[in-house]
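Both of the next two complexes hold chain A, though its partner changes from chain B to chain C.
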Partner chain A sequence: MIQLLLLPAALLIALIFGIPLLRYLWLSFHADSVITSLVAIPNNGANWFRLFNDQRFWQDTYQTARFAFVSVSLEIFLALGIALLLDQRWRGRGVVRAITLLPWALPTTVMALGWRWIFNTPNGPIEQFAKLIGLQHLYGLQDLNILANPSLTWLATVVGDVWKTTPFVALILLAGLQTIPNDLYEAFDLEGGKPCAGLFKITLPLLQPYLLLGLLFRLAQAFGVFDLIQVMTGGGPASSTESLALYAYLNAMRFLDFGYSATVMIASFLLLVFICLFGWLVIHQTKHFREVVK
Partner chain B sequence: MIRTRNLWITVLLLWSLAPLLWQLYTSFCSNESLIHTFATHQHRWTLENYRQVLTANPPFWRYLLNSAFVGISSTGLTLLLAIPAAYSLVKVPQNFARGARLFLLGAALFPYVLLFLALLEIARSLNLGNNLLALSFPYAALSMPLAVLLLSSAFRDLPSEIEEAARLEGLGLWQRLRWVLIPLIGPATASTAILVFLFSWNEYPIALTWISTTDLLTLPVAIARIAGSSVYSIPYGAYAAATVLGSLPLLLLVIIFQRQIVSGLTQGAIKG
Partner chain C sequence: MSLILENIGRRVGRNWIVRHLQLEVAEGECLALLGPSGCGKSSTLRLIAGLDQADEGTIFIKGKDVTTVSPVDRRIGMVFQSYALFPHLTVAENLALGLRVRKFSATDQQKRVASILNLMQLEDHARQRPAQLSGGQRQRVALARALLRDPLVYLLDEPMSNLDAQLREDLRPELRRLILKDGQPVVYVTHDQHEAMAMAHRIGVMRDGQLEQVGSPQELYHQPTSTFVASFIGRPQINLLPAESGIIKAIRPEDLKLSSQGLPCRLIHREWLGTSQLWLLESPRGQLRMLTAGDTSIPANIQLEWSTKKEHLFDANSGLRSKYPTS
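Our next item is the complex of A and B:
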């Protein structure tokens, strides 16, 4: 009887998560595009052979991984600083916490549009400032052209992502900090430990499960990055910021090749599962984490 | 010590607010003055950008209404299904519940953007495209893992004596839930509701593919459409006005529900 209460929620989850995955698996072994008049025809794994020889897919895999690892590491590092700051007692802390949270709460597309203007060439503030200090001479350029220069554009998307999601990580770490009893630090001080050493000897070891949890959550999200890239750069210039999710989207909505789009999605999903399983194994090595998750 | 702390607080505030303040500033600038950012202009300040955004067809507040509608219906549907599920998750055998929680954690981690194509096919075959109410089904499903985890940890924290006493008073299952247990998990429900609302308000890829009628666009899609409208001459003043108007409701939400958002996020992280 009680188990029946689980049913509606479980059914909805199965419908929205399960059916698409099965459908993709099926579609990935079929040709389904404009050429086949959008009728699915079995093609003996041709999609998968195409995937393995698809330069653009592997390029996007590399770009997505690069984006995910760089932005997530930056986020963890910055979030740790923010969490340590917010963990102390000072007046106005609540207000500052609310303001810190704001970037996370805004729709990604809203600020993706904002970043486009901030990184605009030649009128955006970053470009103007770079000109003021002569940064473009470093590269021997007229303008930095941030959103049209493949070696810089992806960094701009990292900035956008770090700005938006650092608050989320900071809150997880803050929750972790608040579980550490103050007595530990007092005892440490009495023993004559230096304040900075406390960070490495007490805080970081006890914070480890939260760091790993934030890392796992953010890696999964960053690996599926779509909104930010689609609105901010559209994947450009020259596909240099294109992510796997955006490539799958373009295959379906622009090239109308649903079979191949499904293949790209299954492949991205498998790559992500691989990364997460690896992360999960690392997490399970830490005893403390099991106590927290129970 | 305190001085360096104040310095870091200032840096933090600048980092969080500067991009937003820049949008605010831009939204009041005339387009001519934007082309020469640091030059002085006679006709620098203007409300023209706001006029343009608010008198467009459809006016901008229409998108805000659409998003609010989707947000409220998704939140309602999520809570309706998640509360019973969360309650039963506490009552079922421990091993099963642990497995279910791990599964939910995995689903919460899933990058849902990968689902859009199949969801679009479902929407087409069931004729659910361009229907704001229909959007709440995928939204509720996508928020369900986090909602169930949060609510079931709240149910778990209630002392079992309370329910036992209610049972001895002769209250049936529905009465116990309705009059005793649900009121007691009010704070967790509020946290869950605000997180689900934020998710639905901000969701982009599914809304992008399900909705094509201009009148029905949700805010994130409407904003992204402005971005795609003209690649060569982009009306940044109007952009900025749109982003400011689009941010205001969320600014209010974050200020009012700060406590609930923080506890929802942290509880979700810790007890998940």
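Our next item is the complex of A and C:
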């Protein structure tokens, strides 16, 4: 009976997510492009066959995964430090807490433009600084030209993403830290535990569910990255920063191949589901999480 | 004296939350700090433990000045109100953690944990986590951890407040035996006077960060030094009569007697308590609580009297016990 009360919400979700998803799944088994005059014609899985042999798709999968794992790892690491700092009591903490959230509150397109300017050659501060310390010689170049260097540009997008979403992870971790009662630390203190031992023996184990939650949220988000890359690099140079979402977008909007775009989208959706399921399983493996959720 | 607080004070901002606190607890003595919430009793405990630093005064443990000594070096066995058990560790791991950080050998850890689990009858729960235990079992784990600390002083902060009433009464004798078995001084914080009377040799009643009166439960009951202590100790509450010529007379509910020619009263409420009953009476001298035998029937005309020897006299201005009885 109780489950019945969930019906309106379930219907809403089916409407918003289910129908488009099914429509895309259906579309991925059809040719629908300029050639077919934008009429969907069944093509017996030719899209999927093309996908498995599409070098660019696999290249983008690798690039997306690389972007997601590197930036999310950095974010968790930095956010942990920030959350620990913001959890301490000190003067002006409230102001700093508010400031910390600013990057997250900024629209992605706006901050991505900002970062594009920061990485600009030759006027951007990063380029100027790199020149100052002679970093370009490492690569044997006149200019470092980060946004035009296929081996470096993805790092610039990682920097942008870390800058923007670390506050979000920090917020989750800060919420987690505030669930840890202070008397645990006091009891540990009375037993003779050192503060840094408390970090490993109390804080991190009790923060684990929140760390995994942040990881899961962020992985899902980073795997579908689009706007940041579209604005900062447009997927270039030489498609070296192109993400799966961007590839799907290009197929639909530039090549007007909606059938194949749907295939890429469904494929990246399945990949994401796989990653999230894996993450969810890992979370449920940790006993403490079960107790917290319970 | 094994634990001495000399003129201890603690300030938060400009407010003194504890001040001019003078207290001595002997070996093997249990002293309860009793008072309403916010009176500074828990703050006092934290000062003794070293979790907070005193802003004035000196603390001695076994003759050693520990005022600025770190909590760990004071060797305190503390039971927190929440028990402060580590939720991610099993009972055995909870108990071993302290031994591990104090660098006991692995075999030593095992031996000590095993013997304390045995003493506290917790063997069957060694592999369980705190969340899987009942309130009473959690309290035993918290106490076991304090005992393992091999402390010089025991501090217990409302250790019973998370348990239901029945369990509280059942656990008192056992808890008292365990904390007093090695002869350390014990400071026991509670807001429950029955618990304080049951557990402690002496009780310190606190009010607004200061000790109002320290004494045995009998002293507090029979010679309260102020109207505050008089009304705080004893249930049903003592009757404070309206002040007359600067003196407040107070009389315990059980000292009121029915008589044929006394203060005329009207019964407004009655609670039957088994062997006794509580009458709430309206009289020319205000509302009175009277405790009478359970089988007393209500007379047509209620008139009360009491022996002047049973009266407690307090100065109306200061609320302090008046040294010179008016009679």
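Here is the rule we use: the second predicted complex is superposed on the first by the 281 of 294 C-alpha atoms of A that agree within 3 Å, B and C clash if a C-alpha of one lies under 4 Å from a C-alpha of the other, contacts with A are read in each partner's own complex, and residues count from 1 in each chain.
FYI, a residue touches a chain if its C-beta (ideal position, glycine included) is under 8 Å from a C-beta of that chain, and two chains touch if they have at least 3 such contacts.
Keep in mind that this is a model prediction, so the values were computed, not measured.
Asker: Evaluate whether chain B and chain C can sit on chain A together after superposition, giving fit or clash.
Answerer: fit
Asker: Return first, second, both or neither, reflecting whether A:114 touches chain B, chain C, both chains, or no partner chain.
Answerer: first
Asker: Quick one: chain B or chain C, who's touching more of chain A?
Answerer: Higher number of touched chain A residues: B.
Asker: Scan A:201 for contacts with chain B and chain C and give back first, second, both or neither.
Answerer: second
Asker: Regarding the shared-chain residue A:263, is it in contact with chain B (first), chain C (second), both, or neither?
Answerer: Neither partner.
Asker: Which partner chains sit in contact with A:63 here, chain B, chain C, both or neither? Use first/second/both/neither.
Answerer: Touch partners of A:63: none, neither chain B nor chain C.
Asker: Let me test your reading of the model: by the given contact rule, A:88 touches which partner, first (chain B), second (chain C), both or neither?
Answerer: In the superposed model, A:88 contacts chain B only, not chain C.
Asker: Touching A:181, do we find chain B (first), chain C (second), both, or neither?
Answerer: So A:181 only meets chain C here.
Asker: Looking at the overlay, what does A:2 touch: chain B (first), chain C (second), both, or neither?
Answerer: first
Asker: For A:47, select first, second, both or neither according to whether it touches chain B, chain C, the two together, or no partner.
Answerer: Neither partner.
Asker: Is A:10 in contact with chain B, with chain C, with both, or with neither (first, second, both, neither)?
Answerer: After superposition on chain A, A:10 lies in contact with chain B alone.
Asker: Please work out how little space separates the C-alpha atoms of chain B and chain C at their nearest point after superposition, in whole Å.
Answerer: It comes out at 17 Å between the closest C-alpha atoms.
Asker: Which positions of chain A touch chain B when the two form their complex?
Answerer: 1-6, 8-10, 12-13, 15-17, 19-21, 23-24, 81-82, 85, 88, 90, 94, 96-103, 105-118, 120, 123-125, 128, 163, 167-168, 171-172, 174-176, 210, 213-214, 216-217, 220-221, 223-224, 226-227, 230-231, 234, 245, 248-249, 252-253, 258, 261-262, 265, 268-269, 272, 276, 292-293
Asker: Mind pulling up the chain B residues that touch chain A in the complex?
Answerer: 5, 8-9, 12-13, 15-17, 19-20, 22-23, 26, 34-38, 81-82, 84-85, 87-89, 91-92, 100, 107, 109-122, 137-138, 140-142, 144-145, 148, 173, 198, 201-202, 204-205, 209, 219-221, 223-224, 226-228, 234, 236, 239-240, 242-243, 246-247, 250-251, 253-255, 258, 261-262, 265-266, 269-270, 272
Asker: Can you tell me which positions in chain A touch chain C when the two form their complex?
Answerer: Against chain C, the touching part of chain A is residues 181, 183-184, 186-194, 197, 201-202, 205-206, 287-288, 291, 294.
Asker: Within the complex, which stretch of chain C touches chain A?
Answerer: 49, 51, 71-72, 76, 78, 80, 82, 84, 86-88, 97-98, 101-102, 129, 131, 145, 149
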